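Which chain is which? They are A, B and C, in the order written, and residues in each are numbered from 1.
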Amino acid sequence: MIAKRLQIKNVSVKFGGLSALEDVSFEVDDNQLIGFIGPNGAGKTTLMRVIMGMVNPLSGSVLLNGRNITNLTSVQRIHAGVALGQQIVKPLRQMSLLDNVALASGGKKLLSPMRALLVQKRHKERELARELLIQVGLGDHSEKLPSELPLGYLKRLEVARALALRPSLLLLDEPLAGLSKPEAEQMADLIYNLPRVGLSVILIEHNLPQVQRICPILYVQSNGRQLAFGLTKDVMADPAVRQAYLGVGA
Amino acid sequence: MLFFDLCIQGVIQGAIYALIALGLTLVYGLLRILHVAHAALFTLGGYIGVIVTNGSGSFLLALFTSMLIVAVVGMSSYTIIYKPLLNRAPLISLIASIGIFIASEELFRIFFGAYGLSYINPPLQGQIEILSGVSLSHARILVVVLAIGLLSGVGWLAINTRVGIAARATVIDPQMAASSGINVEIIRYGSFFIGSAFAGAAGVMVSLLNNLVEPTMGAVPSYKALAIIVLGGLGNVRGALVASLALGIIESFGTIYVGHLLDRDSIAFAFLIMVLMVRPQGLLARG
Amino acid sequence: MAYEIVVLTNMAIAVLFALSLNVITGFCGQVSLGHAAFLGIGAYTSAMLSKEGVPLIITFIPAMGMAALIGLIVGVASLRVRHDFLAITTMGVVFLFTGIVRKQEILGGEIGIAGIPAPDFGRVGLFATSLLCVLAYLLLTIWIRRSWTGFAFDSIAEDEDTARLLGINVPKFKLFAFVVGTAGAGLAGALYAHQVRFIGPDSFGFVESISVLAMVIVGGIGSIWGVILAAAFLSALPQFFQVIDDYKLLVYGLLLFGAMRFAPEGIDGLLKKIVRRRAVK
């Protein structure tokens, strides 16, 4: 059997007795873009955090490219190939956009201060960072500080920085939230093209029209449980999904 | 009887710590600032207590005057030191506060002399036998009574009045409180007023117990009270009170049993570090 | 001349001490209110060895090693706490240090260690040695600042959760800062012990920890040149104040407050402001 990009097997999470995720399982194939939807409090962000290693599951396992990463720390997972673009953007405000991205592309240097101490040059990482910023449409702003730019630009910076980690699996937590309609459209196009360069993407998003437009596959979660998983048009036609998520009577 | 004696001493010390720590923890809750200069207010309280008692002969008058003056000075410390620095990193206000504290010790020395002041006729020196063989001075009993009275008074205000409820909400989440229409500025001044008044009261009581005030008497409380509010879970009022009492008792036992290894002040910090290693968020978490 | 040499040596030691805290607090953003403990560890280690006849230069190594070892232990403990909790924990470290020293006969207890032998190379030699140590440590910190370690420090100092998401092994970098910083303090301590030739627990207390933190902040957090200027200036201040000896601490306290109130970015920030204004004109 060929290893999947990501396998979530029977993951359960509890917060103080309250069940946040119940026996969740699903898979992501290579170069696939999955839309991840569900009402507020459905446990989407919790699942994201389980994949990133920021929340420890009560039971179950997480496999990346066939490798069990359940017991790895967040930093180890990042170096194994997972990256997260957060919902609330957290740029480093003391450094330029270029340095924000360049730092993230430091690779193994970031694992050991002794190794990092031996390297003074940054131009290779800066070059890569410049390309990524151009890719997300921030090429003209690379020398600016984050404080000089509006939210829409910082959202793109967040994506560029996650890409700089050269992940095989990218998690994006509401990258379209807070963007204007044309901005959201642009960002969605950008995300749509990511699988072509060898990435699998999980997109958590509330903006349903855009999700339906770009994601061939949807995963729906409600109350910590998987509600539906499959081709977008099938999932959207599922009465259970319409009832739970859209509030439309079946 | 030693055990019982040590407990009582611990409770008395704990009561003093609690009076000092209340203001500090309120300020932390509201402003996220470690208010080191608070200890200068404690010293000021002690000086006013001695001077007014010696001048008027009334200890009660001295206690009230001291609390009032210190409260007003405390409020102005907010205006002068912290308000202009609210948008800066917390470290900036911390250093500014330490600067004021260092300067104030010197001011006390310049104004009142390096050797300190004492009561001419120390009041409340009568003894009461509370158990056979254990007797306490009126002054020591008053410390505990005063602490319980003042702190439960504030507790009552916090639970039963509109202002108190607003204040609690502000300590828990200043931004949320501001956006729901609470006048945060008034709450801040109020907290500085009450917290400083209590520190003043503590200063008067300590000056009475030691029959001495000196310029450096604030040094020990300044850092130990910081340890207490951290121990209590920064910004958590109840936690700070529990930690005050715990520390008072641990110190009084510690000096007897581990005094040959550590001096009194480092016992407090040894305890602090041990607690933080097990519970990095303090004894009681915020809330 | 002898007097000037003493003043200059004191300044050099203060600069070294401040540069060492700058690695921890300035570069890596970890506040320490207890750095004087490591000055003390270095001083005691070096003093006791040199009383046994070990040459000063040789004592540098165990002085740094001992300070760094304890620094590593404190660092590991500090990984569990953050921000203000960290500040108070490090403050606890300096009280523990003086508290333990006070009660240990071998360390001279309350009285401290007297009669530390003068270095063979005399006062001028000690000054030259101090200067060389400062220079060596300065080069090390400049190197760190410019390397990827410094780059990673920048992100940890600002927001360690974000640093983690960029793949930075935050604990390792923090421990590195603690080790380099406390080793520097240990070296400064060894020099200090042989400069004053008498040390006691009171020389390494909370006030000294605050003074060195003040140097770093008045200099401008993280700025190497600002910190050097501030350390040289603040350590020489008592000498300028001979005339107003009675008001020394009053002036010092008000100066700290004034600096925070009117120039919170420190000397570094002031200089940058002036340069910017020039540029605009």
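We adopt the following convention: contacts are C-beta pairs under 8 Å (C-beta built on N, C-alpha and C of every residue); 3 or more make two chains touch, one makes a residue touch a chain.
Since the structure is predicted, the reported quantities are computational estimates derived from the model, not experimental observations.
Student: Between B-C and A-C, flag the pair that has more C-beta pairs in contact.
Tutor: The greater number of contacts lies at B-C.
Student: So which chain ends up closest to the centre of the protein, judged by Cα positions averaged per chain?
Tutor: It is chain C that sits nearest the middle.
Student: How far is the middle of chain A from the middle of chain B, if each middle is the mean of its Cα atoms, in Å?
Tutor: 49
Student: At what distance in angstrom does the C-alpha mean of chain C lie from that of chain B?
Tutor: That gives a centre separation of 31 Å.
Student: Any idea how many Å lie between the Cα centroids of chain A and chain C?
Tutor: Result: the chain centres lie 42 Å from each other.
Student: Going through chain C residue by residue, note those that touch at least 2 other chains and give them in order.
Tutor: Correct list: empty.
Student: Along chain B, where are the residues that touch chain C in the complex?
Tutor: 28, 32, 34, 81, 84-85, 88-96, 98-107, 110, 223, 226-227, 230, 234, 260-263, 265-270, 272-273, 276-277, 280-282
Student: Quick check on the complex: what are the chain C residues that touch chain B?
Tutor: Contacts found on chain C: 31, 77, 80-85, 87-89, 91-93, 95-96, 98-100, 102-103, 206, 210, 213-214, 217, 221, 246-250, 252-261, 264.
Student: Quick one: which bits of chain C touch chain A in the complex? Just the residue numbers, please.
Tutor: That would be residues 143-144, 146-149, 151-152, 154-155, 158-159, 161-162, 164-170, 172-173, 176 of chain C.
Student: Touching chain C in the complex: which residues of chain A?
Tutor: 74-75, 78-79, 84, 86, 90, 92-95, 99, 103-104, 106-107, 109-114, 116-120, 122, 161, 165
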